[in-house]
Amino acid sequence: MEIIKPAVQFLAVMLLSPLLLGVINRVKAFFAGRRGQPLMQLYFELFKLFQKTPVYSRTTTWVFRAGPVIGVSAMVTALAILPFAGRPSFLAFDGDFIFLIYLLGLARFATVLAALDTGSAFEGMGASREMQFAVFSEPAFFLGLAALARATGQSSLAGMFGVLTGDLWRTAAPVLALLTASFFIVLLAENSRVPADDPNTHLELTMIHEVMVLDHSGPELAYILYGAALKLWFFGSLIACMVLPRHSGSWASDSGLFLLAMFVVAAAVGVTESVLARLRLTKVPYMLITAFAFSALALIFQVGR
Amino acid sequence: MHTFAELIIVFIILLDLALAVTGGLSSCIKLVALQGVVAGLLPLLAGSGAPHPRAVVFALVIITLKGVVFPSLLARARDRSGARKDVEPLISYPASIMLCLGAFIASSWMGSRLPLPETNIAWIVPASLATIFTGFLLITTRSKAITQVLGYLVIENGIYIFGLALFVEQPMMVELAILLDVFVAVFVMGIAIFHISREFDHIDTAELSELNDWRRGEYGK
Amino acid sequence: MIITLMLLPLAAGILSFLIRDDNTRRTLLLWTARGHFLLTAVIIYTTLALGFVFIGEPPAVVWFDYDALGLLFIGITSLLFLGASHYAVTYLALEKRDPGEDADDGSIFNNAPEAVFTGCLLLFLAAMTAVTASRHMGLLWASVEATTLLSAPLIYFHRHKRSLEATWKYLLICSVGIALALMGNLFLGAAGLKTGSGLDLGSLLAHAAILDKPLLKAAFLFLFVGYGTKMGLSPFHTWLPDAHSEAPAVVSALLSGALLNCAFLGILRVNAVCAAAGLADFTGGILILFGMFSLITAALFILGQRDYKRLLAYSSIEHMGILALGVGLGGGAVFAALLGALSHSLTKAGLFFTSGVVLACEKTKRITDVRGLWRRAPRTAVLWLGGFFLITGMPPSGIFLAKFLILKEAMAQKHYWLAGVFLFFLAMLFAGMAKVFISMTFGEREAKPGEKPFAEPAGMLVPAAIFFACVIFLGLFMPAWLSGLIQNATGNI
């Protein structure tokens, strides 16, 4: 098994993922008619935060400190499994997509526990909202991956995206289109993007994800920001693999195309955020139920085929 | 080519789901019109080779009726009734969409059980059954008279798609008679909606409950 | 000839929208009804004289033609319409003079324009003629739906909110029901795909043996639910009591006596195809089940009824149940069912006509508010009570004969349970209705202050009296040509 190429891929993911947020912000700024932040803004912020000393509230315990670390490690592990441009990574194995979902769940669990550990009612509210939406988005995601596994007949993510070629798009276009739509909605919700949540808002009543991490500071906040960027990469690369079924055989050109696709996905997120208004909090589950319906439809289509 | 037809079928199902969650009366009217147009296009797009001229004429009639005439009739009825802009469902939207999904699962099961002749478009039978179910859902769980008419039209769309699936060639005369009936039905219902709004100051059918067997004799007191 | 029969009311209907003068329009209505009846009589006579040979192997698709069954139903419809038109002329004149007021809130009715009423009445007749003559299931469907749409404005004659509610329920429930029947038609077409017969009735019957059985069953179920909704079989009957109670009496009479039969004809047509394909047991079971259910529902709802027009409506549900039961049992009961259809139409129309007079006299539909009718309107009271005896099946009447024959057939087929339940609920219906009719006819009447004596309008009572006389006559002596026609019609089921 090759070592060099997966290592390079992994390194590229680790390094490039904060750039996605930069792209999104630039697209949004373009739509708003502003110049916007520099593309590398998140790198600067991470650099700044790592130099700071964290501050801990006296009521918190080790759970609070463990949250960000577990979160970011879970995401790093997940990305070590996720295929890159349809090629297997280090840790690919049969059935890895189930493991991936559990890793995402673990990251969420750690974040929520850390938020609850502060003892603040405010963060508790955020945690409750986060879990409420997870109840809807996780089944949608899981069903979607199940449908994909069924459509491709493979049980590892690398296998699925390896089989996913233009031919499959010709014969099973409805299923794949539904799945792409479903994954995109899940991406928006899981990464607290606009119709579900607004990453820029600090208005207490409407915050979901941001409110949980308010008490974190210094390197731990940096871990959280970095974890969020990795998560965005994770979902973005799923969609990029879905819509980019071409495999030329050449590693360099495939990877280049894939990276381009990633930035297109990021731009698409930026456009979505610019043209849509944030949904009312009670309407967010409807959006996720729609994603669930898409995944379920795709699965029914695939099973009954 | 069949993948294209399949995409249309998926689109029709998605329209069903959209109808189950759409709250705006105007968007509901538009969605039903869109579904009618897509259903009308289906025989032209799904067939192999150039469509028969008769089929083209017929598709044009259907598209004009379902895409232009019905929506404008219903929009007029809505404007003149001064109804509120949302459909006021009796059950929540998530429940609606879950029912719709359940209906789709049930119809794909039924579609596989029905001893129907082979169709060349996958999913057309479940899609038509699901559309019919959605129509019933609209009729039973939405309180406005106008949404009940919409439900009726959705049922009609579903039956039309079902007819396509079975290749039942009806003579032109019969098909035109059916269309004429549907047209007059919508027309008469539109007039009735207008009268309902004038008589009751609303078009909420949940309030149309004076006639029954048990509370008889209470009215007018 | 058949085309003329349909075109006559159609043209007259369109014409009556254009005529401005009320009297001319009423004359037109009368003479169209008479002409229609005359034409029907001629068609029945010529066909009877020639025998039923004309439906053999048609060279091409025949859209409209009459077999014995169609002739029987068009005969009923035409006769009923003849009576209704005479009734309507008097009724419209009365309404014109005094639109009347609602008994409950005292609001004066703002009646629909007479031109619309007459026009729709005539077009309704044209649609029903088309139903009875259709030899193509698709056309039959379209005609049945047309009857719904054309009769909806008739129910909304009194522009009152209750009649509007009834109209809405009628329109929506029946349209959705009929939509299901369309689905049934599609199944029927799919069942006959191999034979290439489409939905042509003659061709379907000829190729019945090679139709796809499971699809045919599905077709029957959908058509049964669809036309059953229109026919008022329980549990699809919910529109029926509302529409019958809120419509003007003449419309209720037509709905009950003619329209329900037309819907029944739709079921009979598909039943014939199923029977020819060897599915008679399947269809018979369903017909018996829903027939009994309708009978039971009607019996239960009649007990607590407070509105006499609703009571009559439930009685119609009962009789539709009996018709379905008769056809479901098969054998001699089919003859009984058709005889029952004929007698029920005449009797119920007569009763609705009388109920219109009662309403005009007492200004209320509430049973408890009508007492001692025989003092105030003796002739009406006699008809009202007489109609009650006929409709509940007291001998001598056609209805008695029909019920008796059905009971006999049930016993002959060893359905003792069925016969017992049938008899029990008939007795219950009789008891429930007797209480109402007797208390309305007799009982102590308190004279309301300032009440003017009521002049019974002869034009509204004579049609009812003639219909009742016909039914009694049917019970005593059935002319050979009629029993021959019904006997032939049973061959078409």
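In this document, chain identifiers A, B and C correspond to the written order of the chains, with residue numbering beginning at 1 in each.
Just so we're on the same page, contacts are C-beta pairs under 8 Å (C-beta built on N, C-alpha and C of every residue); 3 or more make two chains touch, one makes a residue touch a chain.
In this text the structure is predicted, and so the values were computed from the model without any measurement.
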Request  = Any chance you could name the chains that touch subunit A and subunit C both?
outcome  = B
Ask   = Which pairing of chains gives the most C-beta pairs in contact?
value = B-C
Inter-chain centre distance, subunit A versus subunit C - centres from mean C-alpha coordinates, in Å = 66
Ask   = Can you give the whole-Å distance between the Cα centres of subunit A and subunit B?
value = 38
Remark   = subunit B to subunit C, mean C-alpha position gap in Å, rounds to 30
Task = Mind listing the subunit C positions that touch subunit B in their complex?
result = 61, 63, 102-105, 136, 138-139, 141-142, 145-146, 148-149, 152-153, 156, 159, 161-162, 164-169, 171-172, 175-176, 179, 182-183, 185-187, 189-190, 193, 198-199, 212, 214-215, 218, 241-242, 245-246, 301, 304-307, 310, 366
Ask   = Where on subunit A does subunit B make contact in their complex?
value = 170-171, 173-174, 177-178, 285-286, 289-290, 293, 296-297, 300-301, 304-305
Ask   = What does subunit B use to touch subunit C in their complex?
value = 114-117, 132, 136, 139, 145, 148-149, 152, 155-156, 159, 162-163, 166-171, 173-175, 177-178, 180-181, 184-185, 188-189, 192, 195-196, 199-200, 205, 208, 210-211, 213-214, 216-217, 219-220
Task = Would you pull the subunit B residues touching subunit A in the complex into a rising list?
result = 3, 6-7, 9-10, 13-14, 17, 21, 93-94, 97-98, 100-101, 104-105, 108, 112, 122-123, 126
